[in-house]
Amino acid sequence: MNKYSFLDDYSEGCHPSILEALSKTNLVQQTAYGEDEYSIEAKGLIKQQLGNQDSSIFFVAGGTLANIIIMSSCLRSHEAVIAPSSGHIVVRETGAIEATGHKIITVPPANGKLTPDSIQQALNANAHFPHMAKPRLVYISNSTEMGTLYTKSEMVALSKICKANNLLLLLDGARLGAALSAEKNDLTLKDIAELTDVFWIGGTKAGALFGEAIIINNPTLTDDFSFHIKQRGALLSKGRLLGIQFVELFKDGLYFEATKFANEMAQKFSLGILECGFKLSAETETNQIFPVLPNSIIESLQGKFDFYVWEKIDDSHSVIRLVTSWATDEKQIDLFILHIKKVL
Amino acid sequence: MNKYSFLDDYSEGCHPSILEALSKTNLVQQTAYGEDEYSIEAKGLIKQQLGNQDSSIFFVAGGTLANIIIMSSCLRSHEAVIAPSSGHIVVRETGAIEATGHKIITVPPANGKLTPDSIQQALNANAHFPHMAKPRLVYISNSTEMGTLYTKSEMVALSKICKANNLLLLLDGARLGAALSAEKNDLTLKDIAELTDVFWIGGTKAGALFGEAIIINNPTLTDDFSFHIKQRGALLSKGRLLGIQFVELFKDGLYFEATKFANEMAQKFSLGILECGFKLSAETETNQIFPVLPNSIIESLQGKFDFYVWEKIDDSHSVIRLVTSWATDEKQIDLFILHIKKVL
Amino acid sequence: MNKYSFLDDYSEGCHPSILEALSKTNLVQQTAYGEDEYSIEAKGLIKQQLGNQDSSIFFVAGGTLANIIIMSSCLRSHEAVIAPSSGHIVVRETGAIEATGHKIITVPPANGKLTPDSIQQALNANAHFPHMAKPRLVYISNSTEMGTLYTKSEMVALSKICKANNLLLLLDGARLGAALSAEKNDLTLKDIAELTDVFWIGGTKAGALFGEAIIINNPTLTDDFSFHIKQRGALLSKGRLLGIQFVELFKDGLYFEATKFANEMAQKFSLGILECGFKLSAETETNQIFPVLPNSIIESLQGKFDFYVWEKIDDSHSVIRLVTSWATDEKQIDLFILHIKKVL
Amino acid sequence: MNKYSFLDDYSEGCHPSILEALSKTNLVQQTAYGEDEYSIEAKGLIKQQLGNQDSSIFFVAGGTLANIIIMSSCLRSHEAVIAPSSGHIVVRETGAIEATGHKIITVPPANGKLTPDSIQQALNANAHFPHMAKPRLVYISNSTEMGTLYTKSEMVALSKICKANNLLLLLDGARLGAALSAEKNDLTLKDIAELTDVFWIGGTKAGALFGEAIIINNPTLTDDFSFHIKQRGALLSKGRLLGIQFVELFKDGLYFEATKFANEMAQKFSLGILECGFKLSAETETNQIFPVLPNSIIESLQGKFDFYVWEKIDDSHSVIRLVTSWATDEKQIDLFILHIKKVL
């Protein structure tokens, strides 16, 4: 690959300190299947941040696995999920949730987000029981698939309508680091633990090789959860790998450092593009940037960089998507902006 | 029940000639599980109308069962269904299709119907493979859940886009009798057999106690189909019951007679309401009538008749739904209209 | 069919009084989906026999459906069923239970029956959690697939081990009538309701056209049960059909009369065969008879009667299976025995 | 952990050369989801050994995932699996296969293995179609869960009966390295590719952090396979991790070296125990050793070593299980044997 890639935030391996930890512990014998010392330590570190010693924490190696396991453990077969139509489980998991037997009721998103109103409408439209599946779980992502953030007051409102309607609230945190490190963010891990029934902290896009930490805050959902991890193929023999990585991410704040760096690079990237006189199709809240550029410039950039052309605007302009990460090479942003300026 | 019901087309038992046939054959011993003489005779009668001796025909006792069995037999777990968001499988089957593992991609309906355009848009929006489930089957109903009809040219166009995109076409015929007996209809059973891969003929709403005939026209879908009937709990021990009923429905045209009568009663009902000076929210194409009435009249009618209040129009008007059937008592329509006139 | 059939107990239609009831009520309008007057009446009649007004009763049209719905409503996906390897769900339902996602742990049966010992062994062999599915429901049939009976003390013992191990007890009553009408039986419907969490009363083999009554005795299993009936395709539009039939079966004892007659015919049949000097491979406890006959006689009988050749004994002898029912023509038993005597 | 562990072959991290490769490639940008250069290289290396450029190869991170994906991609819902009752999918995967909807027909194993006879018996006992699920795939493991091996002639015989009965043959290779490196082994990867429809090569127990290579030899099974990898949550964002590891394992023979070392350690261990005058309950064919020891010695060993007590023999003797691996410390075997001698 000769071109520098801004395609996604998982084009590199892992943060060097994780690699170092893997090396240092490599030949230490450990109990298998997540009962190792590192996993226990990692759970302790995360619980400190949650401010809740009674949470249950489980590590798995992938976001789709996390979603599959949570749904199949928490829901009976007649129970449905309410999700924005832009949700990852709706458009990027190949029907994984339906494959476990559950209907997803989709709702038009507002900037990638659900609102109490949209949930209420879904409830109203799905109330002809027992001829309709019963809404039971609300699925949101933070940051969303569009790079946007939930504010604390938005989360409080969602939590409230869920509780009032006996709905579980699940937050997909594939990019939770990016969200919590965003300038505009006013949520903490503790808030999220209090406001959701279950959520997961994504490691893959925050410097880990892989790894998601599922946090169950609602104690009625804990029973037999681990059977589902095994049944869905997610119980790693060498569970230590997940423990070691989450220790590194949470022992000294690496998780938030790494995602904050990605967000800062995105801000720099955005400013550079604005300075060139181009617009963004959406404000840059986390590590995804959506510039609107002339097609001629896009084509020229494609000779040197990899990125997605996201959406056609008119005959001569398109939106592109640029993603930054913990590993982004700042010089490449400079080169990218410089290239635009040169072409101009 | 003191009030006369226009709630649906399944409030009575069955057409008297079916009851008579059940009585006449009651003590004749027959092979179980659908291998009886009556089922064989019924299949022959239906094949005559299809003009295709190579179709495969299977009887089951319920429309949701028919849909479950067809999907689970014809689809692999990564394959999805395209359906109008008003489709029975979407809003009235409690997530039955998802419970067998398949995603339904919903499309906004046009008068309850799918169009080649709406299918093409669903294909475009679901092409990011393998991160998205693969559209493989298109589900339509005729008559639709809104009482509307497909024309022959519409069906030809749907069949064409399906074939061009390797999509199976399934027609849910819960009210196929009402459709084929409608004044505006220009389709035959033979056409439908030629234009779909699989469809089913609903007996329940056409004078049977219960019973749906699944017709497979695409021979690649026949293999091992019967295993799915058994696996989903639909293999009646006394399969004769389905055979006897379909013999009665198809030996002398009862199926079309019964549904034609229902449609005629709906036309009479519609005219009566129009004569009273009220509008219909949709043209009456089959056996469902959707008058717009003042709420005061609706309340008064509710004292004597059962029917659904379907939709609020404004503060003083609502749409109601009236359904006629093979068993509708014509005098009750007269009384209904008379009651409106009196109130006026 | 020129030969008289002893193949099974569902070769005829239904008991004439059921047909009469269907005729008498045919044109009475009723609420759909099981909310009709007859279904309500039938539930009341059954509850009287159960001695438990708090049971929940649901009617469905088939035994496999009953089993599917019960399992999918009562079990989470990691929970397994313990069943005898001869159980109907194991060998005659095409993997229907597995198709809803549940493992069946099979246990060698003792005369078609489970024992506390065999359950304990299954528990011991399936305790390596969470690497093994968790046993949660015990499935038995009465009468069993081999025509044998559970005694009250056997049922008490099963109930005890189930309660002690947090296992639900489900009794498949496809032939419960035959069991409760058997000479050796010492159980009542009330006993069964007290000793199981859920069971079902089979109508199909006791004079109904079709129909099974699911009785839930454990109130924790009632929540949202009806969603599963709909989701699995078992919610008949004309639910009245189930109500009408169960009213007939339970209002004056027809259910027990019909099955008692079948048992008596089986006793007569057994005696006749013993008198001819032949043995039975198993004692006749209900309506299934398993004579051991010379192959030459079997071949000769096959010219006049239909029945299954069940098992080869040696080069010149086999076991055949004869089944009697509410509809058995006593004269045909006489002719059968006479034929044997003639051949001898 | 102060005691040395012989519990399993996945108590350490990975072979140092794999760690080195991960480090060396860490910051090289790569395409996600398995389209990276390393994965392509690894597939090429494996294909060389298979002698079949037309095989399809897919990497996933876990054996249960591999089994789930293969079954759900290859089977229709009425199709069943034949497996030995000791098979990993039967007793160590929490009903994962059933959770995808498929019945497993279990067969008593002969030394952990299936035979043509046992398969034929399963076919005979499951032929009452469509009332029984249809056997379609035969599942075996090599080395087996008991540490035993299939010979080439045994594999040829299995392949033959499978082909004759339209059964797919799947070989679970969680410990395929141990099998192919065993002294008695006469099979090659090429043989296995020719004799099975699909198999997988386990990396986890052969020096990888994790990783299984699924090899599809039957081209009819390749279509859309990748959808199932994604749908079951097994499509790693950083698929490079699997590629890098399999390059290391297969570029210079590390895979066979590592497993051969484990087998040699097991031979040494076995000899040591035999020299002490104790028996093995089964011959040591791969890296699992099953000594029969007095309970007093076992208790004494438990003070210094971790291992499983496998089975009670009599009141004073038990079988223990010892597992060696690529990482086994030879000195610890010496210490173990020395400890026995001291106690004696």
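Letters are used for the chains, namely A, B, C and D, taken in the order the chains are written, and counting of residues starts over at 1 for each.
Assume contacts are C-beta pairs under 8 Å (C-beta built on N, C-alpha and C of every residue); 3 or more make two chains touch, one makes a residue touch a chain.
Just so we're clear, the structure is a prediction, and the values are computed from it rather than from any experiment.
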| item | value |
| --- | --- |
| Chain separated most widely from chain D, comparing mean CA positions | B |
| Between the pairs A-D and A-C, the one where more C-beta pairs touch | A-D |
| Geometric centre distance via CA averages, chain D-chain A, whole Å | 34 |
| Distance from chain D to chain C - Cα centre to Cα centre, in angstrom | 43 |
| Distance from chain C to chain A - Cα centre to Cα centre, in angstrom | 51 |
| Chain A, residues touching no fewer than two other chains | 72, 77-78, 93-95, 99-101, 130-131, 133, 227, 230-231, 235 |
| Residues of chain C that touch chain A when the two form their complex | 72-73, 76-78, 100-101, 129-131, 133-134, 224, 226-231, 235 |
| Chain D - residues contacting chain A, complex | 1, 4-5, 7-8, 10-14, 16, 19, 22-23, 25-32, 37, 61-62, 64-65, 67-68, 72, 93-96, 99-100, 204-205, 209-210, 227, 230-238, 240-241, 327 |
| Complex contact set, residues of chain A against chain B | 77-78, 80, 91-95, 98-104, 106, 128, 130-133 |
